[in-house]
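First the structure, in the form of structure tokens, and then the observations on it.
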Amino acid sequence: MNIGRFTKNLVDTIADAGENFLNLKRLRGTPTQKFVSLCDDLISHKGMASGLALSRQVVKRYRNLSHKEKLWVLKELNRKAGPDMTEIQSAAKHFIQLPNEENLSMLSKKLKTNRRKLFSRMIMASEGAHVVVKLREDLLGFIPQHPELKGMDEDLKSLLKSWFNPGFLVLRKIDWNTEAAILEKIIEYEAVHDIKNWDDLKQRLGNDRRCFAYFHPSLEDEPLIFVEVALTKGISSSIQDIFNAKSKGGKQADTAIFYSINNCQKGLRSIPLGNFLIKIVVMQLAFEMPSIKTYSTLSPVPGFAKWLKQEIQNRSSVFFTAGDLETLKIIDEDGWQDNNKKSRELRKTLINACAKYLVKAKKEGNPMDPVARFHFGNGAQLFRINWMGNSSENGIGESFGLMVNYLYDPRQIESNHEAYVQRGELSLSKSVKAMLAS
Amino acid sequence: MNIGRFTKNLVDTIADAGENFLNLKRLRGTPTQKFVSLCDDLISHKGMASGLALSRQVVKRYRNLSHKEKLWVLKELNRKAGPDMTEIQSAAKHFIQLPNEENLSMLSKKLKTNRRKLFSRMIMASEGAHVVVKLREDLLGFIPQHPELKGMDEDLKSLLKSWFNPGFLVLRKIDWNTEAAILEKIIEYEAVHDIKNWDDLKQRLGNDRRCFAYFHPSLEDEPLIFVEVALTKGISSSIQDIFNAKSKGGKQADTAIFYSINNCQKGLRSIPLGNFLIKIVVMQLAFEMPSIKTYSTLSPVPGFAKWLKQEIQNRSSVFFTAGDLETLKIIDEDGWQDNNKKSRELRKTLINACAKYLVKAKKEGNPMDPVARFHFGNGAQLFRINWMGNSSENGIGESFGLMVNYLYDPRQIESNHEAYVQRGELSLSKSVKAMLAS
Amino acid sequence: MNIGRFTKNLVDTIADAGENFLNLKRLRGTPTQKFVSLCDDLISHKGMASGLALSRQVVKRYRNLSHKEKLWVLKELNRKAGPDMTEIQSAAKHFIQLPNEENLSMLSKKLKTNRRKLFSRMIMASEGAHVVVKLREDLLGFIPQHPELKGMDEDLKSLLKSWFNPGFLVLRKIDWNTEAAILEKIIEYEAVHDIKNWDDLKQRLGNDRRCFAYFHPSLEDEPLIFVEVALTKGISSSIQDIFNAKSKGGKQADTAIFYSINNCQKGLRSIPLGNFLIKIVVMQLAFEMPSIKTYSTLSPVPGFAKWLKQEIQNRSSVFFTAGDLETLKIIDEDGWQDNNKKSRELRKTLINACAKYLVKAKKEGNPMDPVARFHFGNGAQLFRINWMGNSSENGIGESFGLMVNYLYDPRQIESNHEAYVQRGELSLSKSVKAMLAS
Amino acid sequence: MNIGRFTKNLVDTIADAGENFLNLKRLRGTPTQKFVSLCDDLISHKGMASGLALSRQVVKRYRNLSHKEKLWVLKELNRKAGPDMTEIQSAAKHFIQLPNEENLSMLSKKLKTNRRKLFSRMIMASEGAHVVVKLREDLLGFIPQHPELKGMDEDLKSLLKSWFNPGFLVLRKIDWNTEAAILEKIIEYEAVHDIKNWDDLKQRLGNDRRCFAYFHPSLEDEPLIFVEVALTKGISSSIQDIFNAKSKGGKQADTAIFYSINNCQKGLRSIPLGNFLIKIVVMQLAFEMPSIKTYSTLSPVPGFAKWLKQEIQNRSSVFFTAGDLETLKIIDEDGWQDNNKKSRELRKTLINACAKYLVKAKKEGNPMDPVARFHFGNGAQLFRINWMGNSSENGIGESFGLMVNYLYDPRQIESNHEAYVQRGELSLSKSVKAMLAS
């Protein structure tokens, strides 16, 4: 570890020395033109040694570009270092005429764009991994307005998938003995339930809590994804309980509640990282604390409110009876949640609607709700829908306060997962099944 | 580090659990048929979770295959998981008709063979990296007799290049405080100058010696490449001096002699790893021991004897005069090296011949000698050719006892390197230049 | 490290098992009586094994005693496990009659009280070191009211001196990569210039700051003493500059200002720990940052205001002329520090008075001011007295805002130190000397 | 860890700097006179700083003294830095007259010899702990011929007991991933069953073996004591089985055999280190491998042959009948062990004799055999005496080939231990009891 870090500095020292040779003074034009010119060199240079100095220059300079400059250079590089359509056409023709391995290999080579070469050399620099991941974040931000950048993103995503292969990730327990520099990032990246300050963080790392994160060896000061767990007595039904510590299990804890999962790096979108995390944490806890028998999430239902409002307005909704719709209109009234009578009226119908949303509302054949999709895909069971699971303003706005427990039963994870992936079957608890049958 | 290792075990535990679901009993046929069938599953399964169990099964079973079985399964997988020529042709046609990014992306996807998918999933298993590197070693062994496997190797090489990007490697100092398990491998992998036993090793890790190795985080018990250094007074001219410790520098050491560089993993052939190693070690030593001013190798000339014998028989040799050839015939006489008179006669002409071999004998435009090619490419200067630099039987047989110092001058490394890569220029010392001019 | 920690838990496990045998149920009386009874067992038991269980019981139970109960048990143990006066008298008589090594050895043995045995066995438990240090803190708190406990403290202090021999201490750099659990304690223990919160702490661990602490291997989560350093351009004359970062040196830093030194463990009072700390940090910085040429403190003058007020009231003061005394009376006027005219009047005389206080006011032959005593004893030079070095309310109250730079000149540390220790000479800068001569 | 080691070097650097001030040139006389003179300085100097330089000088120079010189300086220091008999007598008189805490404290102070001060300051140097432990080894070697050094040894032993308090020791698992520098010492220090070379060592660290050692943080490259364990199926009855691996347990291992325990540091004789080791290793194994149910040693009987020969010659032996004695005479015949008939005759009587030796032969009330004393004292049970447990020449010579299993039953360790310590009771297996009753 230490030697690794030491070497990094040496790599910098070498690159510093190499820079003398780079003859940076010959560069002409604006900072962006200079940057693109350096990228050209990095791509074309056969030399590994000054390549290291070059990659460092590119990495350092990218960091200093403004948002606008970044867009300009990415568009420029996307074009200049993109695929050579004529050469590919030519290779494709050869292959069609004689479809053998040799012509295929030639075609493959032509498809390896200079954009790939550029990213592969950038990542050699000591802060390369940080900057390449940041570059993808920038790229994803630009694509909606500049769809021509999609090709560049495909190249980069394919490299990132390879570099961040789950086989290379390292799991770390995060606790009060973790470096402050990492903990500060946990505070920053927590997006499900805000961590207010260091005291709040310390609560979340207390004896009745657990936190685990995945890291990549080249990005050792950056968590990629992390999960927060509360050890409780019984399955918690509300996030207020978690934070009020009402459900603290102490020595009698028999349940692990996964109440927050966060992807930290926007630049790693669509790179599957979290799939193993929950399962590995389940095994870790099973090993560390044999008294824990039940593993469940306490999860938000982020798309429910939006979907339900649309359904209510949608006259041809297939999900609800007229009576249901009548009842559900209560949600449009201000302050219904503080009104006992209205709440009572709404409760059963709303929970039922949520079950329909989670189980029956689909998008391309899969559950519409992203959180449901993630947990069903991981092999979890939809166990329970909790009234006022999150009574904060945000919780009310997003899902009328409902929260969901997805159950991870170690004996069922694999079969649930396979059933979902291969046949699209969702694992539901008896009570949820009964609710939907009614 | 520890937690990483701990997690590996957990990954095994999960995979163990996952195996129950794999229903391995359904597998039919011979072990090789079963193995291929599991590989099919690993490729086709969408599921990550049982995929982990599967990848572990594949990795474990590959290890247990015999040489012959390995050949059979690799040929089988090469065929079954190879490119789908028809689909690629079809995508190629679409692209030719309409050469846009979308069709290009489709063509790219069709080129991603299932072989790649297979290797990418194998490497997720906890010993995956070890087995994938071993598999490539096997593959390289089979190719000469089974050239149809080349396509598979191209897929694998391209993945290994990405996974073993120099940005991910870690430098470690190897000394007497290194784990025995690593040191045992240093003994095993030393191929230039055999390490006879642990006492011999301890000598090579003494106060006047240094050893550095590159590691990959996923293969932390396997050195990828290592270099051995002797700290001496002046530039050593013979390997006997190094091992007899005559040249031990002690506190007066002013020179670092790189006397052995070893690639450890046959399965990583053609994956550039060593390019940085010498340069980084130069910087490391410069930092640690400012009294060291000179960095040089003491290198073998592996192809010289073979080349010279051919030249002597080759009547149209452009390199030698008739007089030279006459003198050089001494090498055919038994025991010339123990005969003072003959040695004296031969010495100058032979050294001169070696200079020609190193500088003028070319293969595809580059120096024919692989060691010369490596060091010139790294930015070194051909400094001196040493008479009886290696008087062992092996040294006499390979290069009539000659050894070479390649000088690494930190102020010249980069410019030498660039001159070589871009213009094919070789950096030569004054004395070598003078010798060639004569 | 990890294995050490792991073993600790095992030691607990063994002790847990051992507890079954302890037959704790036989204990009678109040918790304090039970505690003393367990201490008796720990002292008398020859057995090491159940001794471990016993020591853990004693350590755990001590923690749970109230302040009042602690006093009771310490007094009780002081008496019961104190020296056996009769036996010592008898051994003393034998020795006087025949003063040989054998009788001396016997006398020595009689002097080894059971109190020592008790502490030596308590420290074997896994949290033993923590509790023994805490016990001494309690003891020191009780002694002023209960001087009979002094004997017990002498026993304990002598053991602590041996256990905390400087040869066993470990220096750690404290920065933003340090564990939060340690950083939290840095916040808690900083007593010279309060750390307000985590943001404030992060400032103090920034690029232009350094922090180093000493640890003992058995108390690895507890800093014993730490020093905070600011890297500046020139010698800072006020603490406001340090915290306003006006004096931030960046790449041009040429000076290291030691602006805060804190002893963390009250229970280690009079155990010399800090003597090496500054000097080792000077060497560390000299190694890490060769551009730093000057090492100085920015120190408070804690006793100055109190002393000066007494001197003013003391008619026979030998330090001041009538004119000085007249001028110095300004300090009794409210708000003098905000009044330019008064400040101007006071300035020179007050600084002069401070020089006299630091150099001439003595207590048992040494400087009266504890901070001066510490730095002179460490080999520092009194370099400069700074007007409004600390303009906070606290600074005004303590020393009318004056702060002092003590200079650590690596070439002079040793000779200053020796001159002080052996001849009581104080090292003074030219300007201070001139001031005192006037 | 790393920072600790780094600091050590800095401590050296400071001491180097300090040496300039030491004015070593003023030293006069022979190397031994110079050495004693430096020790005088180290004792008398009040200064901590140059004390560090001094302590390093003393430590370095002690290492370079010859055996003879060491004796001279130790005798000289023993005298010069020994107790001041006159002052102690005077303090003793005062105490006898007025036996209060104050006079006691004064008497205590007078008893703290300068020898103690010297050792306490030597251990501050970075290699201090190594040299102080070596010095005691030397001292113990000198005492038989020079009993006047006993007083010095008492001072040193008392300090070592305090510094090597079991609470400060760290347990490490020794395996093939341990540093070669440590493993080399394991080879060197193994005295029970020689380790022939590195291959032999690797066997002893294999999957079916375990090795654990205790370390002190200040002596981190020196094992203090270690134990070797074989995991077997059933309780091994012979050391040949252990090394022939006949008894390898593999996955079916149910027993841990402690077949070698070694104290490594002669200089730590009589400092209790090993008492916890076996018990802690039992707990460690119980945790790591729940399938292990039985813990036993396979131990030598070092004093048996010598004792038995004396008993046979001793006409008034209370242990044997005339018939027994007649049978036992077979041991005087050469080659009895290779003679089936004689062996058969001897077997039962000899085992019985051994049981008597272990259980009934006493020295100061405790078992005469040192190994038996150690294990009984640790809470073990004498389980079985094994015929031809060690058929090597050494084994025959020492104990006629007999070896003993001492059983460590976790549920009985504590009670056995207490019964032994408090009432001198030995725990015996049923079969041993029966044998002794017959």
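For reference, chains read A, B, C and D in written order, and residue numbers begin at 1 within each chain.
Following the convention adopted for this analysis, contacts are C-beta pairs under 8 Å (C-beta built on N, C-alpha and C of every residue); 3 or more make two chains touch, one makes a residue touch a chain.
Keep in mind that this is a model prediction, so the values were computed, not measured.
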**Request:** Compute the centre of every chain as the mean of its C-alpha atoms, then state which one is farthest from the centre of subunit D.
**Result:** A
**Asked** Which whole number of Å gives the spacing of the CA centres of subunit B and subunit D?
**Response** 49
**Message:** I'd like the Å distance between the centres of subunit A and subunit B, where a centre is the mean of that chain's Cα atoms.
**Reply:** 38
**Complete:** Expressed in whole Å, how far the mean CA point of subunit B lies from that of subunit C is 57
**Message:** According to the definition already given, which pairs of chains are in contact?
**Reply:** A-B, A-C, B-D, C-D
**Request:** Please name which positions on subunit A make contact with subunit C in the complex.
**Result:** 176-181, 183-184, 197-198, 202
**Message:** So in the complex, the part of subunit A that touches subunit B is made up of which residues?
**Reply:** 1, 3-4, 7, 10-11, 13-14, 17-18, 20-21, 45-50, 52-53, 83, 85, 88-89, 92-93, 95-96, 99, 101, 104-105, 107-108, 111, 120, 123-126, 128-129, 148, 150-151, 154, 159, 162-163, 165-168, 170-173, 217-218, 272, 275-276, 279-280, 283-284, 287, 378-379, 410, 413-415, 417-418, 421-422
